[in-house]
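Encoded as structure tokens, here's the structure I'll be asking about.
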């Protein structure tokens, strides 16, 4: 069901990444800056991530011998250096995830926030990360340009395919490691009225069962399975117990490649360079706004959209395109 | 449990339509016109539809030898011509679905938007479509009149019955191919806070199981089973894998008629013409507002509704009525 | 688990009522009075109730030989007289449910709306109903007084117990046939953004399974099992098919008493009169507002609540109390 | 999976607490003070707690011989003295839960409300409680200081760990008995649009199954299992029937310690004093706001957060720390 499956190393049927966004308590501070320092329950809910869940997760990875990817906002890197150090010591990757989980669409000075986060990576993680996941997935063209400018090799915030694909912008290209709401743990497990996320909480088995359905489909189709999960949600005891058991069983019984996203980017570069694989390419920006001529308005005053929104770039087709 | 079952071709127990609304990224543009061009994550989520899901869906239909119905906003037809061409090449039908998924109730100039969409159909799809599904189901009397005026043969936006029925307006009649929230994939699978749709995401098995319950009931009752689904939701890998398996199994083990909605309209016209079937009729408009005399107000100032809302047309009974 | 179980007729273990609120399209008219007449999809969704679901439900009841209770807003009685006549012809009961499903808490002139609905009952149903269910359960003291004044024998809008209990007001008493969100079909099945009810839609089996859990518990405890459901939701084909099967099976295998709520009120009056049963009593109004002395305010300006809200009546204990 | 498991009495594998917040109808009064006295349905929904559910719950506890913890707002203590007396007579504990379930973050005079609630405890429950659960978990530094000042031994409003841990403030320390949304019954069972909590209602089996998953994980990890439930939700007949059966079965088949939270605090003090256990410590306040120098602003005017929010105290690590 995947039109151009990627040849994974050693003929593995599926690449697997449990990617953790270690947001800790950043979200309450960006959402409620006036009094967040005194909102002890959401702070404590977030702190569970770096202090209780991350050591537990790292212990599982150590025992099973796998390396995975974490995305951590700059402020969380500065505030929870022990967790960061433990992640790096375990051989895992830490990607860019904004400074305080700020939404890039909110009209902030992206360069200032982006580079402030980058400083934290340089100071605590030893350099510029390979990849970035925009907070709340809200990547925009400006952030994309910053990624290219700073030599990032991949983004992981978009949903245009099941498997990694190339983003080609006017300034350069990078890999997209695509996300999806069906493999994100906010819908099943987050309950956070303070930030406007009032949702039911699935039981551990029920909430995780959708993820395993997704894996089964990716495995059968020789695809890419990535969870986008959070230490303070999926790292909770009862949920992680089930993920741990699933990991152990999957490693034992399936032919999968658990890897960090930067390792996957390495592999993709390789198979593209060798000509073994031609990835799909999406050319960006998708659209530009053209207001050179007054846009026609309908009789009741609402502007007709087609003139304002002009298609840019290509990407219409389903597969193919040139190499990376 | 259906009081006036339709005699399906060759005595099939159930007519089945997997109807896809290929909205692509139209919804983000209509909801957030100021900056939607820079909202790359919702754009990418929508683009998955025409570029990844539609080829996958068409491949299933080709393999199983079935033709189905797609509804595509005019702007999506213009923006994703490859997907449109592939759909038509597969022998499927493309119906009207607004221009940019604009809500007809929003007080826009319906004629302008409706006919702008129609132009796209003429240019890319070879003529006026047979059917229409109003965006967000929000059909109103003005759109209904436009359908009659332009010779549409069916609408598919209303819920007054389990099986197709006749809409009779002052200007003419057409078939209603009824929809229902229980067979729509937005409730189980959409998660789209940007357009105010903050909902849990069901796992593939859980989310689809409700649809199969609906089929079982329709099949037992000699009815009509229609899914109202979206390439960027139900066309995702893990979900479509299950739909594909269900289709294959159903075609093998049940006596069903998978058809396009225009073929179903053909069949209905035939059985009505031959006298083999008398469909239920709903006369519209249902109500008209009469303000000829000042409406009485209650003591605290709220107007009593019964004088303002005057019943029009008939449709009180449960079954019967004259032929189409 | 029920401290004072009711002795049901012939030693039945449980009284059962499938109570239907036939709201039809009233809710869209009260919620969106300006343009509801042109909102054809919600109108059609509501019309399904009186025109398709009610005949189906009545056929099940006829076949199984049971009589049940329907609550119908006055405007729906006037608008759907055929459905009303069919309900009455089947031997079922029609209770008061407001005029246009107006929320009694909204500051309307309750007497005018209440009595306007009553006129419809007199004209179409042959007299004053025995019972009332306040729209959206929002009964208040004024409506309660109107019920007593007009000789109603029961209300069915409150949740203070698992089994019927007495409401005692200063003007008189009546039975409360208690409702509960766990046996109401809005949470599992309604999806109605136009009236601010944006909820997931459970599959038929999943959504109904909670109801059957509730029955099992009521049956074991010698209790009272009442569904509060709607023709346009639970009367849909796939859901009703399952309810029909459950009814048939339950009637065959369990010792239950399916009855109308007015019949249950008759029985309760009887067992109370004979001394066989002493019901729980709730004295109303629960509270009154007293502003005789200025209420103390805390240092930051928020009024302390305890002086404003004065407890009235009794009802502290768990069981007992005098007869009806 | 728990890095520093607590040695429970007699080698029990898990400490278990079914903690009930008996809010009764307090929430509607704090949310809708203008007309809550006339909102009979939410009042009745809340009254079910002290009048029907609490006797049922106490009967289960009596039969099974366990003592548990209840948290009751001061106003509820005054309004439902019979329920309070029955709870105390059963040997259970009653903790502080605000006066009218007021949200401590709402800028109220915390001391006035806190001490008004305390008066109710002194008058009806015989003294200052051992523990406190902040309404809606919204503990803040001011409430924490009040707890220390009044000699409370534990709080139960935060989520920073799976097992009890120490809170160390400048004024003194106390135990935190951590809560979690996965063991709270509001997400599965509450449906309360009047207070902005519009959520689906899980069936009894489905809604409770998540709790039992949580227990299984805690039991396996030698942990701490606490439900945070409400008489008017989990004390409803069909749900409590299942909890009762689970309790009976668990007591029979597992090696668990059901205890009151104050007994757990006793035990923790003991094992810490004896040196058998070193708990994790969280130093509070977590942050303080420093505005001594003007904080830098980004080019578009949004203040950079890192200077305003200064980390205070420690707590970065995953385990360890000094004794209580």
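Which chain is which? They are A, B, C and D, in the order written, and residues in each are numbered from 1.
Basically, contacts are C-beta pairs under 8 Å (C-beta built on N, C-alpha and C of every residue); 3 or more make two chains touch, one makes a residue touch a chain.
Nothing here was measured: the structure is a model prediction, and the numbers come from that model.
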**Request:** Between chain A and chain D, two touching copies, which fits better, same or different residues at the interface, with half of the numbers shared as the threshold?
**Result:** different
**Prompt:** Fitting the CA atoms of chain C to chain D, what rotation angle results, rounded to the nearest 5 degrees?
**Reply:** 90
**Complete:** Relative to chain D, the most remote chain by C-alpha centroid is chain B
**Request:** Return the distance between the CA-based centres of chain C and chain D, expressed in whole Å.
**Result:** 34
**Complete:** chain B to chain C, mean C-alpha position gap in Å, rounds to 34
**Request:** Please report how many Å separate the Cα centroid of chain A from that of chain C, as a whole number.
**Result:** 48
**Complete:** So chain B residues touching two or more other chains come to 198, 200, 202, 206
**Request:** Pull out all the chain pairs that touch, please.
**Result:** A-B, A-D, B-C, C-D
**Complete:** In their shared complex, chain B is touched by residues of chain A numbered 1-3, 105, 134, 137-142, 144, 157-162, 178, 180-182, 184, 187-188, 196-200, 202, 206, 209-211, 213-214, 216-218, 220-221, 223, 282, 284-289, 298-300, 302-306, 308-309, 311, 315-319
**Message:** Which residues of chain B touch chain A once you look at their complex with the stated criterion?
**Reply:** 29-30, 33, 35-41, 43-45, 47-48, 50-52, 54-56, 75, 78-83, 86, 99-100, 106-109, 112-113, 116, 189, 191, 198, 200-206, 236-242, 244
